[in-house]
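Shared between the two complexes below is chain A, which has chain B as its partner in the first and chain C in the second.
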Partner chain A sequence: MKAKYFEPFRTLAVILIALVIAFVIISLVSDRPLETILIFLWEPLATKGHIGNLIEMAIPLMFTGLSVSLLFRANLFNLGAEGIFYFSGVVAAAIAIHASLNGFLHPIAAIAAGSVVGALLSAIPGILKAKWNANELVTSLMFNNILFGVGLYILNYQLRDAKAFSSASYKFEPTALLSRIWPGTRVHAGLIIVLVMIVAAHVFLYKTKWGYELRMTGANRAFAGYSGIRTARVIILTHLIAGFIAGMGGSVEVLGMYTRFNWVSLPGYGLDGALVAMLAKNNPLSVIGAALFLSYIRNGADLMARLSDVPSEMISIVQAIIILLLSAEQFLKFWKNRMLLKEARKHG
Partner chain B sequence: MDSLWSVIWSTDFAFSILRVTTPILFAALGALISNRAGIINIGLEGIMLVAALTGVVTSAYTHSAWVGLLCAVLSGVMIAGILAFFTLQFKTHIILGGIAINMFASGGTVFFLYLLSGDKGASSSLQSKVLPNVDIPLLKDVPVLGPILSGHNVLTYASIAAVFAVYYMMKRTPLGLRIRSVGENPHAAQSVGVSVVRTQYTALLLSGLLAGLGGAYMSMGYLSLFTRDMTAGRGWIAIAAESMGRSTTVGTTLTSFLFGAANALANALTVLKIPSELIATFPYAATVIGLLVYAIGESRKRKKAAVKPNEG
Partner chain C sequence: MSGALLEMRDVTKVYPNGVMANYKVRFSLREGEIHAIVGENGAGKSTLMKMMFGMEEPSEGEILLRGEKVKLASPQDAIDRGIGMVHQHFMLVPSFTVAENMVLGMEPKKGLGIHFAEAVRMTEEMSRKYNLAVDPKAKVENLTVGMKQKVEILKALLRGAKILILDEPTAVLTPQETEELFRELRLLKDQGHTIVFISHKLKEVKAICDRITIMRAGRSEDAFRTADVTEQEISRLMVGRDVVLKYDKEKREAGETILAVRGFSLAGSAGSRLLSDVGFTVRAGEIVGIAGVEGNGQTPLVEALTGSLAGTAVGGSVTVKGADILRADIRAIRKHGVSYIPEDRMRQGAAGEASIADNLISTQYASGKLGGGMFMNGGKIERLAASLIEAFDVRCSGPKQPIGMLSGGNMQKVVVARECSTEPDLLIAEQPTRGVDIGAAQFIHRKLIELRDRGCAILLVSADLNEILELSDKLLVLYEGRVTAYFEEPSAVGEEELGLYMLGINRQDPEQIGRAVHR
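== the complex of A and B ==
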């Protein structure tokens, strides 16, 4: 095997190890381990409806995964996608309820508003980082809590339908909803939007001067600065784009999957985005596969919780192991060294 | 507004500052030790959460709050050990490693809570113990000071003791010297025979120990049960407090109390009939503002330092 195949091979090895650990946990916890493992592995793909669920969940994961990929690529550890995803959802919901537009313009207006709000909110930690070097990880996490509190306030005091049973907004205007694109499932037009965004991000990152500057700044900010790149501007721009994408994700999710806004806790897609980005090695096109994989094990865990005796939170243990091993430079490094040595001998 | 003033100028309010600062202070001291060793532990939030659950579960099974405390602290050390193993041995990126620890803790605690109690929200069905409150003789009868300083949970006093212990350790012991030298210049430290990896291991384990104490306090002192995600960002606030406190023991302690006061104020603001959703954001907003003030001060200082050589 060649050394250049090492990275994909290593990713596969990590996933395999994580799955083995999942099996071990299931066997320890479940009364019927084999049956439970089969549910976990097979059930997400068993019916058309379940495949639909898998794709539905992959859509928000692709949005946040793409957003976090760009940030990580610029070496920015910002986990603000979580709060932005939520808050932009509130913004999109407000427009879906209150604006009266036709079925073509209404979702566009709602998504555009959510995305722009996301970009602006994301710019705040970006500016703090670029100008004063404030730790973007801490500020973005604090912002998640702040945005959640303000969003929940808007839901409870401005959008809430008193006639609804629980904390839920007024019904969206039917014109605002995204159309279903696969009959028999809830897969919505958001899938097309996110795929377009992913291709656009790929072009941006690898074919434009801005993308080049982003990658250079991420590789070594000081060096990029010496070679004439205005890194502060790159950092703010990256935050704007990442926030735009995360905000779009929240808006699309709300208009694609719901008829009322009813999130009373953070949905968690922002942190999952970090995992998607790592699985995708911060590569936009690979985000598709990474999000589908994460959605697959998530749905497997949910179905397992419903059909057997193992709670779905098991999956967060598996996810943590994937992150730890994927980001471990030394893990399986000896193998790569051996491959390199072999190649060197052959050519030498 | 009058009602707010009367709440703030009461001994109860000062008492509550000490009460809410305790977990932040423990975690901030943990952040300090690992940061001084040049390795930033952002898994504190997760470590506290794991320790909080471990304390509740083990105290329920052994019927002893003290065994619960011991196990909680050990679990904190263990999680820190896992993080240390991956970052120091396997060269996992320390921030991504910390994210993994937090992800594990957030879901993993719910997983184990459900297996042990059949509930995913809170540990109310477990008969867990709480650590005792301590009345300080003599002091408790002093007016004003007595009601503020006496009658706290034993871990609140332990957190104050930890401030002195960390101060002494960093300044006066060989270990403190090693930690500081490794953090400031690992190559220089290595060249005079200090093992960088071993020192960083020790620092991370100590930070796990302190965060473990903070976690135990959350579920066995501050509250008397474990609830899902009960640390609610305190680990992160602690990290902000540590950097605002410029990684010194005194500074970190003061900023921890500042953020603790912001937390207590948020609780007191409920008398003003401000919506609870907005009040809940107050400690986080205070943290962002604090961090910003610090960062601006730092970058001014850097600019000055960069200009100076040309002047002379």
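== the complex of A and C ==
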């Protein structure tokens, strides 16, 4: 076994351990453990409707996972996708309500507005980091709160429909909604958009000069600077792109899944994006699989809660274990050390 | 081996980034001795010491304490077993008093509070016992460096250290303080303590140590009795060059001036002078060497030439092909045809987790040769990387291998290959073969000479006397930020003669030094 296969292997091992623990918990809690496990594993794939649910939940996860992957790749620990996802959703909703355009241009305008606003908002922690070395984790987490507060204000005082029973906006113009692309499910055109974005990000990261600058800045900023790469610009550019993608994700989610804007709390996709990015090892193409996997176990847990006696919160434990083991550097390190030793000896 | 207090058997350490810092290192410490570990920077001394003190765990091999196998998982483990350490950068709380620092983490209690009087008493007792005079009530921030070091030593002793590891203890001391430290160390030895003394100053090692272990490129030589080896022998073993390097360089007429430093003075942050009236030129097709004991202005000079000027230029000019580069950043400087081999390949010279190919193209990915527009041509990159790997004899599994997995020598070849591949007009080479095995060093030297023969101007900054005397066409000596000597025939200069200038004992007259500046 070579050291370069270590990371994928480790990820697989982590997932397996988490699933085994899930089974153990189910066995302890459930009266009919085998049946429950079967529901958890099989039910998300059992019907067309369920597969549709799985895919539709994976779409926002792919957007935020991709956004966070790019940031992590540049060694920027920014968790601001959460607030941007929310706020761009508000922006897209405002355009979906107030603009009147045809069915082709309307969603494009709304998504473009949400994405651009996301990019600009994301640039703020980026500039703070690049110019004054402000810790992007702190600034981006603070921004999540600020954006949520401002977004909620806009929802309650500008967009809110008094006739709706809860905090919800006016209905979107039908022209703004994203069309369904798979009859019988709610899978919407956002899937195509996100797949295009993922491929574009892959090409950007591995085939363009800007992507090269991003990877080198992430791998060793001192080295990148020494080579003549303007790392401050790379950091700001990375934030712009990541914010653009997160903002697009929020807009697409709102227009694809809802007819009114009704998020009165942060939806959590931004932080889930960090989990997807970790599972995908910050690789754009792997984000697809990672998001589908996360969506799969979440849907499995929901169905399990509905069809058996185990509550869906169980899945939080599984997720926590995955995050814990993936970020625990020591986990399986002895094994990597052995492989490294072997290779080091070979090359002397 | 019986009688060894602490023994490390075939200890290997591979860091997660693939760097093999120690390979089958053997080290054996006898009770009551002062044992030196010497080696060049990057030879693996600090890794060995970290494993001894539980800061890093060995990847392979075992550590025996009094013949018993031990696992040191943390510094606390080491302290519990009577191993203490004095770091090069002191680990003291500046705003606390000496006594408070002494008892940090093991404070004597009085009810819920700390019993300060007891702390002071304990400090005084230790201070008397070991004859290390400190004022327990003085604040650490007001102490001199030498005093802080005493506090560190006492701190370790208070925690029951029988083995004391000192990491480059004299690097920050004045000669007088060093003398005092040595007296104290001898006293400690007489009281039955065992001391590990890490250093690269051979004179001091000779003066105080009983035995010596030499590290080179992550491997250890056998331990010697200090009395049995001369400084020259130690230095030869450290550098690993029994054979003196000799190259047949063709004499060439130097071309036009590429780099010109004229009357350059630099002030540091505290108003200190980093460089005073430094002047020299480097012309096309010649290698100009800068010799000097480390810390005599080489670093600020190179920083000024590579766009990371520290301090304020208070006079003079630095130009490349007539263009002022003093206020330019490295990107702009590189555009003038300048390449730079940095001193620290791990920090600046390479991105450890990135592939060899990615590391090879970092200074020319934007040049247009590897694909126009915003795209890069993967095939061209692969071909360039493969040809450079072959031309520079980099031992690796292929261009896609992460560079961090290579040995120091091979990694340095990649750095040199990259900096040479852009056909620079001026190459600034800072310690280009430090911590590199002999084969790779010779290879790199030949490549530098080849580059010179193609008309490149090279500024070579090195602490390796053999290297600098052999490669340089012209040689300057820096001492305390001043040029103290200029030689037009470096190969005719003896190491001893050069040493006198490096230590500031001799100094040439200004007229002789002024000849370093050509038109």
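By our rule, the second predicted complex is superposed on the first by the 322 of 348 C-alpha atoms of A that agree within 3 Å, B and C clash if a C-alpha of one lies under 4 Å from a C-alpha of the other, contacts with A are read in each partner's own complex, and residues count from 1 in each chain.
Criterion: a contact is a pair of C-beta atoms (placed from the backbone, for glycine too) under 8 Å apart; a residue touches a chain by one contact, two chains touch by 3 or more.
Keep in mind the model is a prediction, meaning the values are calculated, not measured.
Q: One more residue to check, A:Ile236. First (chain B), second (chain C), both or neither?
A: After superposing on A, A:Ile236 lies clear of both chain B and chain C.
Q: Given the superposition on chain A, which partner contacts more residues in chain A: chain B or chain C?
A: Chain A has more residues touched by B than by the other partner.
Q: Between chain B (first) and chain C (second), which, if any, makes contact with A:Leu76: first, second, both or neither?
A: After superposition on chain A, A:Leu76 lies in contact with neither partner.
Q: With the two structures laid over each other on chain A, which partner does A:Ala290 touch: chain B (first), chain C (second), both, or neither?
A: Neither partner.
Q: I'd like to know which partner A:Trp210 touches here: chain B for first, chain C for second, both or neither.
A: In the superposed model, A:Trp210 contacts chain C only, not chain B.
Q: Examine A:Val252 and indicate which partner it touches, taking first as chain B and second as chain C; both and neither are also allowed.
A: neither
Q: Go through the superposed model and pick first if A:Lys336 touches only chain B, second if only chain C, both, or neither.
A: After superposing on A, A:Lys336 lies in contact with chain C but is clear of chain B.
Q: First (chain B), second (chain C), both or neither: which does A:Ile146 touch?
A: Touch partner of A:Ile146: chain B, not chain C.
Q: Per the definitions at the top, what is the overlap between the chain A residues touching chain B and those touching chain C?
A: 329
Q: Which residues, counting only chain A, touch chain C once they are in their complex?
A: 3-4, 207-210, 212, 215-216, 219-220, 222-230, 329, 333, 336-337, 340-341, 343-344, 347-348
Q: Touching chain B in the complex: which residues of chain A?
A: So the residues of chain A touching chain B come out as 29, 77, 79, 128, 131-135, 137-139, 141-143, 145-146, 148-150, 152-153, 156-157, 271, 274-275, 278, 311, 313-317, 319-321, 323-325, 327-331.
Q: Under the touch definition given earlier, write down the residues of chain C that touch chain A in their complex.
A: 12, 14, 16, 18, 20, 23, 59-60, 306, 330-331, 334, 340, 342, 347-354, 358, 361-363, 365-366, 371, 374-376, 378, 395-397, 402, 405-407, 410
Q: Applying the document's contact rule, which stretches of chain B touch chain A when the two form their complex?
A: Those in contact with chain A are residues 42, 86, 89-93, 95-97, 99-101, 103-104, 106-108, 110-111, 114-115, 120, 233, 236-237, 239-240, 243, 275, 277-278, 280-281, 284-285, 287-288, 291-292, 294-296, 298-299.
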